[in-house]
């Protein structure tokens, strides 16, 4: 009965903190049963740490050229070799994580809320609102994101921001569709019917009842999307439309290494491995999140 | 307490229009418990949902506590009658803690914070106050149904509409929930409308039973009829016999 | 009358799910002859798990152990999954709760029943259809030709359960496990379905295990009842009136009976039962 004494003083940070700790502990417990997901989480945390402490970790400067040391194969001095300007590839990859994570986070933060809002409103309102919003979503969905990015880059100039905007513009429709599908299910449940009976307003229903049910699948979808975002960003970099040289963007690094591919494989392969590992890690984490985030979901 | 006259409900339009409830009338006195029994698809749940204000396709007249109510209910009219649903697993928000589930009615109605009324509400339905901290999936079916009953009572309605409240529960749990409903009725002078396919449950709880078939009431039985197993219609006789297999 | 031959022998059957220390089924023993045996208990008592363990239908995470589990005189637990597949639906059948979920939604009723005939009997397609029609007529479906063309969602629950029974009993199995076969059905068709099941089981001279939560229904229908509580059989009865165990008596008393109206229903005295049925 300890609750009886603490519950009037609710909102106290102590209670919130203990709850947070408990749910975090729960999540970790579940995670420990998913070795593959654990691996993905480890890779991602490593990536974030590397991005934050890039200047401390990187053995060389990512942009200082040293033509005498150009195109050296991997060695103890240069673990991943050097590129055509004699820059250490490992250092460039380490600094490149910053660009990658920045892109992924920016796109997800733009795409998630927008997609969810449009999907939930469409699913909840139904009728004409639904039809208009979903047709609009269909139109955007039919735009290939690379082409749109090309047009965008041509219009406002190439750069990291252009890449982020272009990817976001075409990234939200899948989220909207997912949120709408979830909303259609939740809208007809008994707990929403009960809430209508005690006079909950439409806004209350949307944000307190329906949105919390959509968030897990949206988060999972976003995480799985991150792999795609990395690939698209890399493709844009490869085409010269993403981050501009000398910024160590992974796609751009592959692009410039392409010319030396036959004689000096490491210039293109090293950033390729970085992209592969990162997108794989995001996919693993997304899969695992799906299992963990849903309290009703239990794997047999 | 409840007066329904000539209630009809139809779904669909044009060729595919289907009349589910075909002009039924009935009254329920204050403190009375009315049962509606029938098989799936007979329209009994639709009658209940129309009474609650969830179905808005009805025609006719519904009066609660003497006041005629509209298809779209005002907040004052909503507080007159609340509903308990069949499936205790689907009627409570899976991501709300029990304290939120119970505080929500007051918060949605803007009649106060509601948090301080959680503990007494739990106690009233025989659950420990510590359950406020839990999520619905940490409760058993019977405990959830108790929470659902507590939630329906938060707005202090005079009428409880019960849609098969125990058919998803084990017999022993069913007995506990039915006892709880009987106690609450006594304490608060509540009026019940209980819909079920199970004649035994209906007969145990109700003062009067309406037998429904294809959108119409075909028979009305009172307590003594039920005890003697007396019926006035071939269909209710058939139902009766099937129930005591 | 000769003693009924044994269809199934179960000795000390135990089922445990991975990671869980609790036994879902805990040392259950019984013999099933050509009779109707009822298994009664509340949700979580292990009654459905027991049925599935005998059919070897539990997921691989479940550990099934028994001193003896013989079907028709031969051990079941040592058989390969392949042998089990040819056994299931042929010599042993399972009828589940809701026909809406156990029938294939994209095949017509006729196709499904004929498929079942094809699968377990060496006959041609034409014959299989004829056999399916015959069987559907046998479960008292009128207008067989029309029903065979329908999809499962177009037929009622009662009819769906009859189709299910037709499919499952087509091969004249020795053992029929019916897991809550009537609880998804309307009251008025329950009797018909049970009667039909009884008739076919008698005709084929097979053993029936009827699993249900409804003790009164089981008592009316079965010759013998096993009452399960927390994975164990607490009592074996032939008549409800003989019930001794407080759990069984509690279950019976908890059911409302309009002929004997009471003001309050009796509830289970769980501490007393647990004192009688200690669990490690």
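Order of writing sets the labels: A, B and C. Residues in every chain begin at 1.
Here, a contact is a pair of C-beta atoms (placed from the backbone, for glycine too) under 8 Å apart; a residue touches a chain by one contact, two chains touch by 3 or more.
All of these numbers come straight from a predicted model, not from anything done at the bench.
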item	value
Set of chains whose contacts include both subunit B and subunit A	none
Label of the chain whose CA centroid is most distant from the centroid of subunit C	A
Subunit A and subunit C: spacing of chain centres that average the CA atoms, whole Å	50
Subunit B and subunit C: spacing of chain centres that average the CA atoms, whole Å	33
Per-residue overlap in subunit A, given as positions that touch at least 2 other chains	none
Contact set on subunit A toward subunit B in their complex	1-4, 7-8, 10, 189-191, 193-201, 204, 208-209, 212-213, 295-296
In the complex with subunit C, residue positions of subunit B that touch it	39-40, 141, 170-176, 178-179, 182, 197-201, 203-205, 223, 226-227, 229, 238-239, 242-243, 245
Contact set on subunit C toward subunit B in their complex	42-43, 157, 186-188, 190-191, 194, 213-217, 220-221, 250-251, 254-259, 261-268
Subunit A partner contacts - residues on subunit B that touch it in the complex	52-54, 75, 78-79, 82-83, 85-87, 90-95, 99, 104-105, 108-109, 115-116, 118-119, 128-130, 132-133, 135, 137, 148, 151-152, 154-155
